[in-house]
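Note that chain A is present in both complexes that follow, paired respectively with chain B and with chain C.
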Partner chain A sequence: MKCRKCGATAAINMRQHKLALCEEHFLEWMPEQTQRFVEKYRMFAPEDKILVAVSGGKDSLSLWDILHRLGYHADGLYIGLGIDGRRSSSEEGIGYSDESRRLSEKFAAERGLTLHVVEVEATYGATIPELAVISHRGRDKPCAVCGLNKRYIMNRAAHDGGYNVLATGHNLDDEVAVLMQNTLNWASGYLVRQAPVLEANRPGLARKVKPLCRFYEREMAAYAIVRGIEYIYDECPHAVGSTTLYYKEILNQLEEKRPGAKLQFYLSFLQAKEQGLFALQADDAELHACEKCGQPTSAPGECSFCRLWDKVRAVKGARLPLPALPTIEISD
Partner chain B sequence: MTVKMVYRGKEYEVQEGMTVRDAIRKVGLQPETILAVHGGKLLTDDTILKSDMKTIKLVAVISGGSPLPCSRSLRTGEGWGEGVQ
Partner chain C sequence: MKCRKCGATAAINMRQHKLALCEEHFLEWMPEQTQRFVEKYRMFAPEDKILVAVSGGKDSLSLWDILHRLGYHADGLYIGLGIDGRRSSSEEGIGYSDESRRLSEKFAAERGLTLHVVEVEATYGATIPELAVISHRGRDKPCAVCGLNKRYIMNRAAHDGGYNVLATGHNLDDEVAVLMQNTLNWASGYLVRQAPVLEANRPGLARKVKPLCRFYEREMAAYAIVRGIEYIYDECPHAVGSTTLYYKEILNQLEEKRPGAKLQFYLSFLQAKEQGLFALQADDAELHACEKCGQPTSAPGECSFCRLWDKVRAVKGARLPLPALPTIEISD
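So, the complex of A and B:
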């Protein structure tokens, strides 16, 4: 197969676009398309200060790389979750979180980029897996508390660091897996909020954007490989067997038979939303400042993040290094 | 003659003359979720496998689902392709 632009041997064929490109032209096409999506969905402007949530995976590192290549002011935020993943301490290898931090730091150092690091255990006193066990949330699966902590820390780091925009590396496969799950459940509240941009429409909330939302996961992996980005190959060990991976598998079976099915599903959804298919429900509930940390919360009193950590402190007591909720200290 | 394909540390032998897409299907994997790499270069799905290729590395594009819970980084560029795990 030949590159449509130059006729050289193609490196990737994107069946949904009927487009094959060589390495050189694929590496040009990806930032061009990203810029197109940034403008189409009015994500950010050249003068904005962007914080990229970086996990050490192919999507977030590639996003950071692309934004850097496009000339945006984009710093990284790595959140250390304390997830090991090895069966025992004697097993060889490096733990999941340690390796993902190493790769994120290496990426930043090689390009002279600023990476902020927030280690959950050092900052708050427990790792995410410990937090899941102590809090009894999510049936000992840490994903629920992990999501809560990441959302909180990302929002707070963006706010405290003076960033206008928080960018995440969600690709189209991530988006359609969630879309399918929410459609099967007719979760209208979630459907109405799923979008390439989540506006900062309340005080204290960061504006969130997903510049990769129209790229297939396959393209993101290809970009990382062709660019020579070293990324963490395995997903978080707790994600193995997750419903998101199950829906991705089903959607890829559909894509195999009908090239473009995933893209069509997502774009039709966005179009339907624009045409008013989903009525915005009354979402005028006032946000309050958490009385402990000051972050926005829907109910008066303490936010769910502070309540969670209060519970953990009550159990761990004096073993915790910090008597009260600290402010996030971002280390460069 | 056969060509060796390596996916998550597991080796598969397929006949030369097949396309990459057919070979991926043949070993029970989903072509949409795999990238084939040879000598550090990506191969398109219609590439015909030849015996002189010896080893093709198959890269999962979806992270996760690995039987190995501990992390392994994916090093790109050098060391890719023939005979490399």
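So, the complex of A and C:
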């Protein structure tokens, strides 16, 4: 297989695009494509201040790398969730969250980039797994609680830090797995909101963008490897056996049978929405300001983030402060 | 496993309903459920004249059996497609279409029911596989041409025979396979129209109903076997390797992992539609009368059925008549 651009030996063959590229041209092609998507979906402009949610994985670090190379003003946000992943403290290695923080900080330091770190335990008083146990929300699987916290902290950090755009590293496989889940249940509210851009159409909400939403997971892995980005290989230990990973397998079967099936699923969805398939709009839901923290929430009263941490305080018997701002450290 | 109604040994366990039944109570349950669906989706009333599209398979014969037992006025329509399925004429056995006609006629004769037969070759001058070759529409796979012909002939036979309802034996597995296909491509027009009932909201269109749309394929097979209905076991030879069968496999994997997944997919789709997810309506398309046959068609001029057979006439050099009515034979 030869590179389409120079005829050298190809490093990657993307069957869905009928495109094979050598390392050099693949490293060129990925940022070019990203820029195309940024423009096509009107994600942000050169003057925007972007906060990249960084997990230490291949997607978010590659996203940060690409945005930096494209010349955007993009800082990072690492949220320390306190996930260990070792079956016991005597097991070798370090915990999942510690390792992902280390790799995120290393990445930022090597490139002289700004990384904000919010440690959930230090800031709010418990790790995500503890929070799941205390709140009785998914004892074995803290994923719902984790998602809620990440969404809250990302939005709040963007708002408080003066960023007008929040970028996440969701790739196409992530997006189609969620799309399949939402479709198998015909979850109207989620279907209507799923998009490469979620506009900041309410006060206190950051505009959310997914610049990698059209790249396959394997393209992202290839980019990180060829670019020499050191990232955490493991999935979050709590993701093992998750519905999302299961849908990814199913979608990979469909892709195997018909190359491009995943991309077609996603693009035809966006197109159908664009052409007015849905009667509802993403911003039909009314938003309120949380009585306690002031962040936007769908129901009047306290937001679900504050209610969750209220429970922790009740159980732990302590009055942990809800800080006005997340703890922000500048890595260099 | 015991029957929930009488405690006898169960003949079938339906995990998605958490319901096990013995043969006797299963044979009772299926028509009861069918009647429930007929009422719930307002398919038809006792005074309606129903034409059941009969293929000789388990679904359509069981549907006819159930509607007859429920006391409805339901006649059958068999469409002879001229599909052989033997690899050569020296192979043993008789052709697929011949066998399905024989079983349909046997079923009707044993119960004193009226079966109309339309043989495509005798009526229009070519078999479906010949038609596919002549028209260059799917030489290896005559399925598109076949579907077009069946829809046309069913609708026309219902209309010309004075039936106001056309019932087909589509089961849940059929419906969810189509739903998955339409969803993976986000085929808005099809998504909006897919329903247990397609209203006869235009002159010349029969109301189409699918009374079995909530029964799993294995329930239908169990019903036919336990009821002692002799049906054709084979799939249509042209269906082998079809996308629909492939999606059925994928959906069976999902069902295996989460019993009830297929039913949930279908019911949540119907519910989302009912609750107004889609902006478009099923009857938004304008219909015209075909210049040649007068049947409803989406584009002005000749309908695609007439255009297809025009091609055959051009190639065969003969002026085959388009009969005013399909040939209708009464079996007894």
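Everything below uses one rule, namely that the second predicted complex is superposed on the first by the 309 of 332 C-alpha atoms of A that agree within 3 Å, B and C clash if a C-alpha of one lies under 4 Å from a C-alpha of the other, contacts with A are read in each partner's own complex, and residues count from 1 in each chain.
Going forward, a contact is a pair of C-beta atoms (placed from the backbone, for glycine too) under 8 Å apart; a residue touches a chain by one contact, two chains touch by 3 or more.
Source: prediction; values computed, not measured.
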- Query: Is A:242 contacted by the first partner chain B, the second partner chain C, both or neither?
  - Reply: first
- Message: Quick check for you: in the superposed arrangement, does A:276 touch first (chain B), second (chain C), both or neither?
- Response: second
- Partner chain in contact with A:164 - chain B first, chain C second, else both or neither: neither
- Message: Just checking: does A:114 make contact with chain B only, chain C only, both, or neither of them? Give me first, second, both or neither.
- Response: neither
- Message: Tell me the contact category for A:94 with respect to chain B and chain C: first, second, both or neither.
- Response: first
- Task: Decide which partner touches more residues of chain A, taking chain B and chain C as the two options.
- Result: B
- Message: Contacts for A:186 in the overlay, against chain B (first) and chain C (second): which applies, first, second, both or neither?
- Response: second
- Message: According to the stated criteria, A:16 is in contact with first (chain B), second (chain C), both, or neither; which is it?
- Response: neither
- Message: Contact-wise, after the overlay, does A:253 reach chain B, chain C, both or neither (first, second, both, neither)?
- Response: both
- Task: Please write out, lowest number first, the residues of chain A touched by both chain B and chain C across the two complexes.
- Result: 253
- Message: Under the stated contact criterion, what part of chain C meets chain A in this complex?
- Response: 183-188, 191-192, 246, 250, 253-254, 257, 261, 264-265, 268-269, 271-272, 275-280
- Could you please specify the touching residues of chain A with respect to chain B in the complex? 1, 10-13, 20, 23, 57-58, 84-87, 91, 93-96, 99-100, 103, 173, 217-218, 220-222, 224-237, 239-242, 245, 248-249, 252-253, 255-256
- Under the touch definition given earlier, write down the residues of chain B that touch chain A in their complex. 30-33, 35, 37, 41-47, 59-66, 68-77
